[in-house]
Amino acid sequence: MKTVLLTGFEPFAEESINPSWEVVSSLEGPSSEGYRIVCLQLPCVFGESLDVLLAAITTYSPTLVIAVGQAGGRTDISIERVAINVDDARIPDNKGHQPIDQPVVANGPAAWFSTLPIKAIVSALQQEGIPASISQTAGTYVCNHVMYGLLHALRDKPWIKGGFVHIPYIPQQAAMHPGSASMAAETVKQGLKIAISTALRVEVDECKTGGTTH
Amino acid sequence: MKTVLLTGFEPFAEESINPSWEVVSSLEGPSSEGYRIVCLQLPCVFGESLDVLLAAITTYSPTLVIAVGQAGGRTDISIERVAINVDDARIPDNKGHQPIDQPVVANGPAAWFSTLPIKAIVSALQQEGIPASISQTAGTYVCNHVMYGLLHALRDKPWIKGGFVHIPYIPQQAAMHPGSASMAAETVKQGLKIAISTALRVEVDECKTGGTTH
Amino acid sequence: MKTVLLTGFEPFAEESINPSWEVVSSLEGPSSEGYRIVCLQLPCVFGESLDVLLAAITTYSPTLVIAVGQAGGRTDISIERVAINVDDARIPDNKGHQPIDQPVVANGPAAWFSTLPIKAIVSALQQEGIPASISQTAGTYVCNHVMYGLLHALRDKPWIKGGFVHIPYIPQQAAMHPGSASMAAETVKQGLKIAISTALRVEVDECKTGGTTH
Amino acid sequence: MKTVLLTGFEPFAEESINPSWEVVSSLEGPSSEGYRIVCLQLPCVFGESLDVLLAAITTYSPTLVIAVGQAGGRTDISIERVAINVDDARIPDNKGHQPIDQPVVANGPAAWFSTLPIKAIVSALQQEGIPASISQTAGTYVCNHVMYGLLHALRDKPWIKGGFVHIPYIPQQAAMHPGSASMAAETVKQGLKIAISTALRVEVDECKTGGTTH
């Protein structure tokens, strides 16, 4: 049975919950499509988050790894295209570290592209009525850090696909951030299921634009 | 048994559904709190929409009338404060009419304020984790037209409370409008129930800011 | 010689300048088109702002009064359509008062419409390459308070036109509010000149949509 | 005398002007600070744009190359941090080509980081009251294509600094795109001068956050 490793984050900044973990943790277990999902909570800490993730990859030997993070203010499920080799923290992480313009991996390449079929995932989500898009930047905080470190670790394991998905606030968070968009946990959950099954099914990504002019 | 008249609109512009009707129509019937909800679909047409609404008020003698409309692009459930006496249509209505700077009611007052406890409704929604805010403008299209006409008709019936609530796209719509915010129908439904029970319960509105500097 | 009374505000909130006064004060004096501009700074205080404005109308007997205010975050010069009879302060004014849901004028009508040719002004601005639009709400703070009070005072003086114009931050303010739009003082100045000459020239406003669906 | 090569683009999409060229072309010539600026217009065409740019680098032997492009909708001068090795055109370029998920340089690295002192430039701009920020993505269109190709070409010429700057619409464009932010050409011009002199002056970039959480 194939194993899918799905990660969410602990809360950070002033939030008391992190929607990525709320949703991810509800997906643990075997699926009807013949694979099992292992869920893992990552600390919102530079370094440690990656240590925890990479240890779990060794333990569970997944064929697919999708890390999920909160993007407060975004309106849709955004499938990240690329992670860059830089930590530049606008706010301290949960251990108080605030690296500025440090590499995620010393002497690593400037960036790694997601190995998920990102265009096919966006198509599948939209077809099911779930707002989704390609994102050209995962930021420069712990989310980008985890995505970069994950893809760097998988660079010589092409049989494991990996990538990152950003999700909006859930409504109860947006209720405290007037003006912010949100997405119901149920919608996000359905979206992650579609993302997983699409990633397991699609070998060659769709040739369909997901670009931006700037 | 008290009657609540709840209205939604038919689809307009390029939409094939209108979330206001999708949600409103699911609320028809008696509630466990001792009132019944009567649902009514309004045409997205200047004039006709009001004719249909005012006839239903005569038929059903409600104690509360809440008209609900789609505000594509908004992020939360917005409780309208005021309707103004002007029709200024950016796009034609569903019958092809496009009034510009015409009064809703000739010689009517410049505006009518909602008679709902708008601040209490926002508080109740936020407390239940549903994004909500006061809106200072209902626009100048059929939504504002209906809100103005409703409040004008209720001016000498102080025993009937009335107002207007704008709701975001639902996800399946936002999936076709990249970048737009949305709210799950289930969340909106829960929100409208809270708005109704708050409006029936609260006699004197809360004194709590819901204003904007511009 | 016709007199145009042009007002700007003193700074409020955490700002050390108010772009409305920066620009307005640079327009003092006679114009080449045969009128003179009298500039007046209003305190950002409920009540007092109106006292100062109404006294100046008595003193100068203008044929046109345009009040200008800062709308931090807006992208263009917005010509306000309507002022409503409510003070609902999100933040205290410069004297520490924070009225909530109080009328501007007790027993006054619910709203007053601008008596400027608002559509013609937007057209003229756009034609000169200056971003502009109709705004359907002036908020519920001191700007709306001044606009309402001005139009209420002019209700029996139809020979004096009056209205309100909101302007964006100027660049030096936006430099401290990352992500906020701005407009150069020079562009705003040119815009206000166009607004004034259009208001003096146009008797009957253009019939051109400036509405919104919500 | 040091040479600075400054490029702007021809108009694209439905625009009749491109603010990058409007401003860049006004900066041609010697500066009072002892360097000369050579201006170059690039076609908005994949491939050709780079051919023109790289030929000019050979011709003029600049010590600094800054490519400037339009980012319609952005509010400030954004200094790009990184270019990625992908062309994914949302709209065809000016020759009708629309590459999707093609590399800019076959077998090139995934990304190149700007070699400009990007943090110092943002600081200098903000200090002069000009809205500015670091951008974590230059998109996937011709701007990113040029930035990537430029930095790839400069990879073994560390004595030439290079990078990319995105600028907003100018007001006359925003007047036709209601709701869009803009910046006066004069402000952008002043900003580019500051960016150039900062890039020539600063050897080691500031350690100051310019990151985003997502």
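Lettered A, B, C and D in written order, each chain numbered from 1.
Quick note on the criterion: a contact is a pair of C-beta atoms (placed from the backbone, for glycine too) under 8 Å apart; a residue touches a chain by one contact, two chains touch by 3 or more.
Just so we're on the same page, UniProt names per chain: A, B, C, D = Pyrrolidone-carboxylate peptidase.
Keep in mind that what you see is a predicted model, and the values were worked out from it rather than measured.
Separation of subunit A from subunit C in touch steps, taking the shortest path, is 2. Separation of subunit B from subunit D in touch steps, taking the shortest path, is 2.
Ranked by how far their CA centres sit from the centre of subunit D, the chains are topped by B. Distance between chain centres (mean CA atoms), subunit A to subunit B: 37 Å. For the pair subunit B and subunit C, the distance between mean C-alpha positions equals 30 Å.
Counting partner chains per residue, subunit C has no residue touching two or more of them. Every pair of chains in contact is given here: A-B, A-D, B-C, C-D. Within the complex formed with subunit D, the subunit C residues making contact are 75-76, 125-126, 128-133, 171-172, 174-176, 178-184, 186-187.
In the complex of the two chains, the subunit C residues touching subunit B come out as 13, 69-72, 74, 81-82, 84-91, 98, 100-101, 109-113, 119, 136-141, 143, 166, 205, 207-214.
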